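These are the structures in question, set out in turn.
Shared between the two complexes below is chain A, which pairs with chain B and chain C, respectively.
Up next is the complex of A and B:
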């Protein structure tokens, strides 16, 4: 498994755990598309992703992390810095 | 005697005011506290006789620091507008107003206003209402009481528990009412009575005007974009942070409220910022309009970062020259579809509506104006004197 695939899998597993869904359902979700991924749930989700990868997103980037693909890209970007 | 709470983190400079504001809620035994310049410990003093609470207080202070810092992200404030005051006054007008019988303190966060201050707050409310006319808002009037069900649905109870003002009355029980009438007594600090005579909590005193508007629209379909305006009393208990007219427990707010598509709400908010700028400039005020957050309690502190990330809140911060600080006198808020979802307010297609509001604290506006222009009307801008 490539590093990018590993990141994608860990992101999906974390989102699945927080949202209470199966990992293979995650890719179709996004902010506002699941009852727990609302404005209040968004920060909880972001903080769990940060904990999983040991990183911290800057404030301005948090508004862009509204679906799994965007989160995966952001983690990859931070990891490669 | 001072004790020290060692913090597990260093409090970032931009978080200091918020952190200290939260410490008032740590314990009733906590009398004084200060954050040394290293910002990695808190020195505090407890009420005499309550020294045994010190270690618990220290651990709670550390908990507050950890939770707030975990949720905090550094960010630069976005400043949309910055103006210098045309006034040259630099004294605190409040002691003068109190001496002149224009301001009366009834208790912590509770003040009465005399004719001059009422004249100013009435003027500001009239001018704001006039400015709001271009938004064609539907005028409404709401009670000071708000149902606990509404605040629970909006998760306000969870986000701002520290600021709630709960309302009770005597139970419908003849013996309880008679016993209360016989025995209730003011002991100089509080009303002593049997708590078992009090009813369960059904209502609170409203913390904002717009909640009433959203409750009005609960479980409805909105076929078109709408605007509302109302003025009302708002109640936010802020413990040791309550300070004169700067921070009242009980204050008056004029609001302009938007309900509709996100594009409509955001466009109205932008228009309101432009119109407000023009109005504040006419009053010769020094201020900034800048990004801001609400004072979420520690468990929900991450919501403040969310507000900044999504540009949800901007405040008008007016200069208080006597303090060398600024004071929020108004705000421009975009709630996304939060209230639409929470209270089941949808558009005709069944999609939750977006909402936003613009609010001005009338007592704070009066204070900021007097703090910059003084009490001598001959030094006021013509646009205000002429009214």
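Up next is the complex of A and C:
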């Protein structure tokens, strides 16, 4: 498994755990598309992702991480810095 | 409002104005019409922000100046802007004119909307979301008549629409939607003005209003008149902007009757609240790990200060912050309750939630003067 796929899988697992859904359903989700992923849930979710990967997203980026794909990209970007 | 209607009609009727030069001309004329003697102050404030961004963009081109520094410099500029804004409010600089050849000119003008608009610009530029705007598009953006006194159209949202202005303005579907919005706005504004008139008549009818009358005003007439006036005004702006080929994001979505404070704020003055949410709630405030209660209080304190630097608005913000924290605490701890209790609370909230939220929101407008009196 490539590094990118691993990141994607871990992001999806974390999102599934926090939102209480199956990992298969995660890719179709986004902010506002799940009752637990509202503006308050968003910050909790981001904190869980940061904990999982041991990183910190720049403050200005947090509002833009509105779906799994954006989160995966951001994790890759922060990891490579 | 008349300036905005004229600006919309002028560009709608004269296709020759649907170019950046044409829009720039109408934007400047609109800003002059709206700001009048404070126009110079408005230009000076915006020009300062533009010069700062230009300088930062020039520095960013040098390889040694990394993104992190651009962000830090922008944060410092946002803090400086906040201090200037608060100082302007505290010393009422906007009302201090200077007499020049018989004209009373104001060399400082930074109202709440101009402040928030510039904050979004500095944030977006600092984060790298946008590059330095051209002077022409920047001037159209800050002079856009439909956003001069709200709502907020972030530069990134405006920039995307700029190349489409000449083509989108002719789409009949946009005009049909505009007409519907215009009528909704007209009805809202009319009812809002009627209610405001009624409210003033009640207040002016005597010094010692009975308590029940005060309660009626505080919990029914005043909130609805305030909401309808602003919702109507913003609907007007949303209906006029398509004449320029511009789509404004929605501002109000039936905020009264929502089940909790979170839902209320998600539907109240949305373009402004989304800025506070994105910039102040999604933040760590220097902490190692974000604390949602601290973030909530910061957001509402800023919302209060944005409205005014006085006890009333600070208390207004704090009351909303405390209410929101209580709801946040419940949402985070809800899963600890047994399923039976969760269902019981949910079924109760389904009916009582909208009433309790409405009463709490009205209390935040109505009670601060009484609380301040008690404190003093």
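The rule is simple: the second predicted complex is superposed on the first by the 81 of 81 C-alpha atoms of A that agree within 3 Å, B and C clash if a C-alpha of one lies under 4 Å from a C-alpha of the other, contacts with A are read in each partner's own complex, and residues count from 1 in each chain.
Rule of thumb we're sticking to: a residue touches a chain if its C-beta (ideal position, glycine included) is under 8 Å from a C-beta of that chain, and two chains touch if they have at least 3 such contacts.
For clarity, every value in this text was computed on a predicted model and none was experimentally measured.
Partners chain B and chain C, brought together by superposition on chain A, clash.
Using the contact criterion defined above for the overlaid structures, shared-chain residue A:63 touches chain B and also reaches chain C. Once chain A of one complex is fitted onto chain A of the other, the partner contacts of A:39 extend to both chain B and chain C.
Once both structures are laid onto chain A, the chain B stretch out of 134-142, 170-178 or 188-196 that overlaps chain C is 134-142. Residues 38-40, 42-44, 46-47, 58-63 of chain A lie at the contact with chain B in one complex and at the contact with chain C in the other. Within the complex formed with chain B, the chain A residues making contact are 32, 38-40, 42-44, 46-47, 56-63. Residues of chain A that touch chain C in their complex: 38-40, 42-44, 46-47, 58-63. Partner chain A is touched in their complex by these residues of chain B: 70-71, 73-75, 155, 159, 300, 302-303, 305-306, 308-311, 336-338, 341.
Across the complex, chain A is touched by residues 71, 123, 126-127, 129, 262, 266, 277-279, 281-284, 289-290, 292, 295, 328, 331-332 of chain C.
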